[in-house]
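Consider the two complexes below, in which subunit A is the common component and subunit B and subunit C are the respective partners.
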Partner chain A sequence: MKKISSISWLIVLMLVSGCWDRNEINDYAFWIGTALDLSEDGNLEKSAQIAVPAGFKSTGRGGSDQRGNIVVTASGSSVVDLEQQVQDKLPRRIFLGHRRAIFIGESLARKGIVSIMDQFTRNTDTRLRTDIFVVNNGKGRDVLEVNSPFNKFSSIVAVDQDRFCRLGDTALRDVLLDIGRDGIRPSMPMVEITARNKQEKNQIIEVKSVAIFNQYLQMVGKVTGRESLELFWMKGVLKDQFITEETESGNIALYESNLKKSIHTEINGDRIKAHVKLEGIGRVIENNTDIDISDTPQRVALERTLDTMKAKQIEATVKKLQGQYGQDVFGIGEEIHREHPYQWKKLRKNWDQLFPSVEVTVTVKLKIENMGGIGKRIPGIGAKE
Partner chain B sequence: METSIPIEVDESVKLNHDALLQIFQNCADIVFRPLKLNDHLEILLVYIEELTDSSKLEQIISACMISRDSTRLTQYDSVTHFAAVVAKVLKGCTAIFIDGKPCAYLADLTSFNQRAINEPSNEAAIRGPREGFTEDLKTNLSMIRRKISHPNLKIEKHQAGELTNTEFVLAYIEDRVKPELLQEVKKRIHAIKTNQLMDSSYIEELIEDKTLSLFPQIQNTERPDTVSASLLAGRVAIIVDGSPNALLLPMSFWAGLQAAEDHYERFIYVSAIRVLRLLLAVLSCLLPSIYVALTSFHPQMIPLNLMLSISASREGIPFPTVVETLLMELMFEGLREAGLRLPRAIGSAVSIVGALVIGEAAVQAGFISAPIVMIVAGTGIASFAFPSYSVALPFRLLRFPLLILGGFLGLYGVAIGVMFIMIHLVTLKSFGMPYLKPVAPIGKNIWKDTIVRMNKRFVTEPQKNEENKLN
Partner chain C sequence: MKISPWQLFWMFTTLEISMSIWLTVSPTIEIAKQDAWISLAVAGVIGLLVTSILVLVSQRHSSHTLVEFTQRLFGKWGGKLIGTLYILVWFSVSADILRIFSLFIRQYLFHETPLWIISVLMVAAMVYINYAGSVEAIARFSEMAGPLLLAGILITFCLNLTNLHPSLLFPVFADSGVMPILKGSLVNASFLGESMMIMMLTPFISNSKKMLKPVLLAICVPSLIAVAIALMVIATFGTNMGSALFFPYFSMVRFINYLEFVQNMDVWIMFIWIFSVFVKLAIYLFINSYGTAQLLGIKNWKIMIGFAAVLIFSKSLLPANVFGMLDYAKIWVTYIFPIFIVALPIVFLLVSLIRKPMTPA
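Presenting the complex of A and B:
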C-alpha cells in the first residue's frame, strides 16, 4: 500500500512539475531570418522570413514555384515589441530557435545598433550559431525577399555563402564577443544584391565585404574583396582562402589552408609596434608563370617573392584601415592586453586615438606543399626544355 | 469397492493383477498380458501399448517361450514398491510379474513417435551446429553429453507435477559451478509445488527471482551448443521432458543480446554486430518516444531542414504526434500478432495488406504523416534484431509507457522513464547474480564476452572455480 501511494505521488509530481509546453511541430511558425531596417520615419522596421512548410513539401517532387516562406514586416520602436507585432500577423506561434541569419540595413547600421544587440544577448530563444550581416547599400528586407534557386530561404543561402568564403554561422557569437572586449572592434560580413545579368536578378546575393564598427556599434566603413579576407586572416578567424598573385612573368593562384596568425607587440615609450606573422599551407592551382614549381630552388624563390608581395599588400590594407576608419578590427589591442597587461590599463581608454599610429609590420609565410601538377604543363607556358 | 492398494509387490501374480486392475481402472491404453511359461509359471506383463516397442517385446516373449526359461525376464531391474511400478508403467516401461517373485521387473522398451531433431527455428545460425532440442528429454540429454564428454558433467534427475509426473534434469559441471548457486537452485526446485509441469516455462515462473519484473531472469534456449557453453561457464541448466526449451541460469541481461553464432563467427565482426544489436535494442525501446518528445516539445533540437520536412509532412494531419505514433505502434503490434500464428500462406497476405494499408494508404489519405511510418518501421526492425525473443518482449512493451511519457512530458518524461528502467535493471538479480553484470557492477571480464567478444586466443580459459570467483 505504501509502495502504491509513493508511486502515485511520484506520478502526480511528474505531471504537476512537467513541462506542459507541448506544441505540435506544424503549429509553429519557424522564423528563419530577421531583417532590421530603419524605416523612413526613423522607426525600427523588422521583417521576418517565416517558413511555410506546405510550400516546402513539393521540393522533393521537383519544381514548384512556391517560395516556401513569407516575409512579414512590422515597424515600431523596440525589437521585442516588433516580435509581438509579427506574431499578430501569423496564425502559428513564432519559433525563434531556428533563426539562421540576421540582416541589418546599412542605414540602421550606420545609425548604431547598440539598442538592437542587447536583445540578442538576453533572449534565450536566440541561438548563438546565427549569422549576422550588414546589407551593403540596401535594406535587410530586400535580402529576405530574394528567391534563391538553391534554397527556399535566402537567409540560409547567405549563411552558406558566408561559410564558404568568410566565417559561416559563428558570426553573431563573434560579434557579441568582440563587443564585450575593449581591445577589438566588431566587424561583420556584408551581403549585397548586385545583379550582373538577367538571371541573377532577384536570385543571387553576394558576400564580399566586411563592415567595420566602432565601439558605439556604429558602422564606420567597409572593406571589400581581397582586403576583407586579409582582415579576417589577421583577425585569425579565416580558415582558408584563394590567393592570386601577379608576378613579373604572369599570375599564380594558390589555395591556402591551415591559415594561422600570431601577433607580437612591443611598447617603446609612445611607440607601439605590432609584428604580425601570418602562415599558411598552399596548393598551387593555377600557374601562368615561367617558374617550374617542381624545381626546389625555383619554388623556394617563388615562395619568398609571394611572401613579400602578400606582406606588402596586407600592410597596405592595415594602413588603409588605420587611416580611413581608425578602428582596431584585428584585435591588436587584445594582444597588447595579453602581453602588456599593466600598460594596457593606461592605453585602453584612448585606444581609438592610439590605434592609427601603431606601427604594424607583417611577415607572411606561405608554404607550397602541393604543386597541383597532374600531367604535363600546357605547352607554351614556362616551356624551358 | 474400496480395497487398499498394497505397498509392496506380492509374490502372487494374481494379487498383483487385481491390484493393478484396480489402479488402472478405465485406462484403455494399459495392456495386461498374462502368460504361462512351461504351462505352470504364471507371468504377467503390464504395459502401455502405444508407448512400447511391440516387436522388441514379442522378441523377448518368444525367446522365453522357446527356451522355457524365465531368466531372460529377470535380468531387468527389479522393483518392490508398488507405487514405483505404477509410475514406471505410466512412463512407458513394461512391468513383468513372475509368480513366486515378490518384485516386478521393469523393462524399458519405450518407443513412441517423436519429432526428429530439427534446426532450432527461433535461434537459427548460419555457422555452427544446426541441431535443436526436441521434446524428448533423452534425446536432448544425448546432445549435451555428446558435446561435453567428461564425468564432471552432472545430470540430476528430478520430478515435479503431482498429476503430470514430469521428469526434468538439473545439469551442471561440478568444478565450474558455484556451490552456493547450485544449492540455491536446488532449494527453489524442491520448493516447487504444482500439479502440472507442461513446459520449462512453468519451472521458470515458479523459481525466478522477481516474477513481477518485465525482464526474463532465466534464459531459455533451443540450442544444445548454447546450453553446453553455458554449462562450461559455470551456469546451471534445467531441461524438462516435453519441452524443447532448456533453461539456463543465472541469466545476465547481455545473454539476451548474444546469439550462439557469436562464438562461431570471427570476433571483430561479432563485436561490431553486438554493438549494433545494443544500439538497436535501445532504439526499439526509445525511438518513438524520442521522436514524439523532440517534435512536440523540443523542435530546436532537430536540424532545420529535417524539421521543415517533418513539419511539411505533418501539414493537415488530424492527430497530435503522440496519438499518431501510438495508433501506428498499436497497428504494428496488431499486425505482428496477427501474422505470427497464421498459416504461412495467409501470413504473407496479411503482411502485404498491412504494409499497404499502413504504409501507403494512411499516408496518402493524410491520416498519418510519413515520418511516423518510418519511425514505426524502424522500431519494428530494431525489435527484430534481438537474438532472444523473450528479451525482445520487455522492450516491445516498454515502448508504450515511454511513448506516453515522451508525449506528455517531453524528453524529461523519457529521461524519467529510462531512469526507472535502469534502476529496476540495476537492482534486479538472477539467482544472486546482478542482472547487468559485468557492466553494472563493473567486472574485470567486461571486454571478454559482453558487449564485444575478445578473440579466444586472448581470453584465458576459466580454470576450475576461477570463473566462479569472477561471477
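Presenting the complex of A and C:
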C-alpha cells in the first residue's frame, strides 16, 4: 500500500511538474552588444549584436570571412523597449545575460540619455557588469558592424580596448554612481571608427576620447587624447598611460603606472581651492635628450622639469574644461563633500555655477624607476665627448 | 533528543542571516545613507537587549511554551487570547516570507515557473522535516546549513574586495545624523526580533539555563554580517544604487568578476541562502502547528502540521502585489515589533516577577 501510494505520488509529480524554465542552449540567441541611436527623423533605434554560433566553426583561417554574429536593428517613435521587434527577427529566444557593452550614438547622447538608462538596471536578467560607450561622430550600429580580426564580437573588443581607465566592464556601474551624486558629473569613454589604412577599414575601432555629461545626462562635450587621459587620471580611474614630453633639449617618453591622485580642498569665504596631487611610477621608453638618466642629479632634475610641465598641462586642461563645459567630471565637489560635509550642504545645489570658479592647483610627482636598457642615448655618447 | 546550545546558536544564526542579507540592507541605506552600517550596528545592540528580555522570560518558564505560560500568568482566557494573537502574527509572517521567497526565486531564477509550484516545493520540505523529526531535525539541519551559509558569505566578501570604492563611505555621520541612524536601525532591529520564537522553543532546549549566550551570539553574528554587507554594498554601488536595488547583496554578488572566470556566483549564494529561508519557515511551521495544537488542546500536535501548512500556503498566494513583503515590513516595524516583541514580553516578565518573586523557574 505504501509503495503504491509513493509511486502514484511520483507519477503525479512528474505530470504536474512540467519544465517551464527548461531552455536548451541552442534555443537562445545570445545578445552581446546593444547600440542605441537617434535616426534622422527623430526615432529611436536599437540595434543588437547577436551571436551566430555556426560562425564559430571556421577558426582556422582567422575570423575575417566569417562574422560569427549578426546585427539586428529595430526602431520606434518613442523611447520604448524595442526588444519585441528584435525578437521578431530572430528564430531563437533572446537572452540578455551575456551583454557586454552598450553603445550610444552621439546624437542621442547629446539629446539626453535619462530615459534610456532604466532598462539597463531594472531587468534582472542583465548584469550590471556592462561597459558603456558614446560613439564619437557616429552611430552605435556602425560599431556593432565592425568585424574585428581579434574577436568575433566588436562589443567585446571595445570592452577589452577600453584602455583609458581600464574600467572595462564596470563602466556602467561607474556612470550610475556618478549620476546619483551632486559633486561629480558623469563621463564615459568614446569609441570611434576612423580608418587610417585599408586594413583598418571596418576592422578597427579606436577608444581615445571621453564624453562629458551634465547633471541631466545630456552630453555637453568631449575631450580627446592626452586631455582625456588627464581627466581620468584626476578622476582617479586611470591606472597607466604613456606620457610624451617636449623638454628644451629634446623629447622624452615615459610609461607611467601605479597612477594615484589625491585632492585636498579649502573653502575661504566664497573662494574654493582644490589642491590636486598626482603621482606615478615611470619607465623611460624613449629618450631623445642628452640627459643621462642613470646619473641621479640629472635624473632628479629631469623628474622636476617633467613634473612642472605635466602639472601645467593638467592645469590648462582643467581650466579648459571649467571654461568650456563647466561640468565637474573630476569629482572635486565630492571631495568637498567628504572634507567639508556641512559646508557642502550649502554648495551642492548650485555646484554647476560654482565649479568653473574653483581654483585648481596641480602638483605632479612622477618617479622614474626604470630607465630601460641604456642610460645615455647611444648617439648622445659620441656627440658629448 | 533536545536541542544543544551549539545547535541553538546555529539555528538562530541561520534564520537571522537570511534576513540580513536579503531584505534589511536596502531600506536601511535609504534612510541612513552611507551611515547605514552604523544603523545596523545600533540595530544589533537593540536586538541584543530585546532578545535578552525574551530569553529571561522564557527561562522563567523553561518547561512551558508561550501558549502555556501566558495562561498561567493571565488566566485561561487572557492567556489564550495572547497566545492566539502571537500565533496569528507567526502565521502572517511565515505566509509573507513564503510569498516573497517564491517571488524572489521566480524573478531571479525561473521566470516561467508558476509561483505556487515554488511555494509547494518549499512547503513540502517544511512539512517533511516537521513530520520526520520536528524541531530537533531543524536544529540538526541548521547545524549543517549555517556554517555553509556563513562560509559562502565570507567568500563573496573576499572576492568583492576589488570592486570597492572606500571613498563612497565618507563623510561619516554628516549626511544623516542621529535621528536617521536610529530610524534606520529599527528595520533590522525589528527583523532581529524574530528571536521571539524562542518563547515557543524553550521546552525543547536541553539546558535552558545556558541558552542566553548562544542566542545572543546568534544575534551578534547576523548583525556583524549585516554591517559588513552594508559597508560592501555602499562601497560598491553607492547610496543611490544601494537603496534603489531591492536585493543589493545579491546584485553585489552578481557583480563579482574575479580573474574573468569566477562569475555569476549569485546562483551558489542563492542556493545556500534557500537553506536558511527553509530553516526559518520550517521553525515557523513548527511553532504554528505546535502552538495551535496547544491552544485547541489537541494532544498529537503533528495533526496540525498539515492544516498549518495549507493555511500558510494559501495565505501566501492571496496578495497580488509583487513586493508585498516590503509593505508587510512596515506593519512589522510599526506594530508587531513594538507590541509583540518589546512591550508584551516586558509585561510577561513583570507579571511573572510579581507572581513568583525570586523563585527560579
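Here is the rule we go by: the second predicted complex is superposed on the first by the 342 of 385 C-alpha atoms of A that agree within 3 Å, B and C clash if a C-alpha of one lies under 4 Å from a C-alpha of the other, contacts with A are read in each partner's own complex, and residues count from 1 in each chain.
By definition in this document, a residue touches a chain if its C-beta (ideal position, glycine included) is under 8 Å from a C-beta of that chain, and two chains touch if they have at least 3 such contacts.
For clarity, every value in this text was computed on a predicted model and none was experimentally measured.
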item	value
Three-chain arrangement built on subunit A, subunit B and subunit C clash or fit	fit
Partner chain in contact with A:Arg181 - subunit B first, subunit C second, else both or neither	second
Contacts of A:Phe30 with subunit B and subunit C, given as first, second, both or neither	first
Subunit B, subunit C and vertex subunit A (Cα centres) - angle in steps of 10°	50
Contacts of A:Arg173 with subunit B and subunit C, given as first, second, both or neither	second
Touched partner set for A:Arg338, first subunit B, second subunit C, both or neither	second
Partner chain(s) touched by A:Arg100 [first = subunit B, second = subunit C, both, neither]	first
Which of subunit B and subunit C A:Ala51 touches, first, second, both or neither	first
Partner chain(s) touched by A:Leu128 [first = subunit B, second = subunit C, both, neither]	second
Which superposed partner A:Asp21 touches (first subunit B, second subunit C, both, neither)	both
After fitting on chain A: smallest Cα gap, subunit B-subunit C, Å	5
Contact residues of subunit A, present in both the subunit B and the subunit C interface	21, 127
Subunit A residues within the subunit B interface of the complex	14-15, 18-19, 21-26, 28, 30, 32, 51, 53-54, 56-57, 95, 97-98, 100, 127, 156
Subunit A partner contacts - residues on subunit C that touch it in the complex	107-114, 117, 163, 165, 167-168, 170-171, 174-175, 236-241, 244-245, 251, 254-255, 257
For the subunit A and subunit C complex, residues of the former touching the latter	16-17, 20-21, 121, 124, 127-129, 169-170, 173, 176-177, 179-181, 334, 337-339, 341-342
Of subunit B, residues touching subunit A in the complex	295-297, 299-300, 304, 307-315, 317, 320-321, 407-410, 412-413, 416
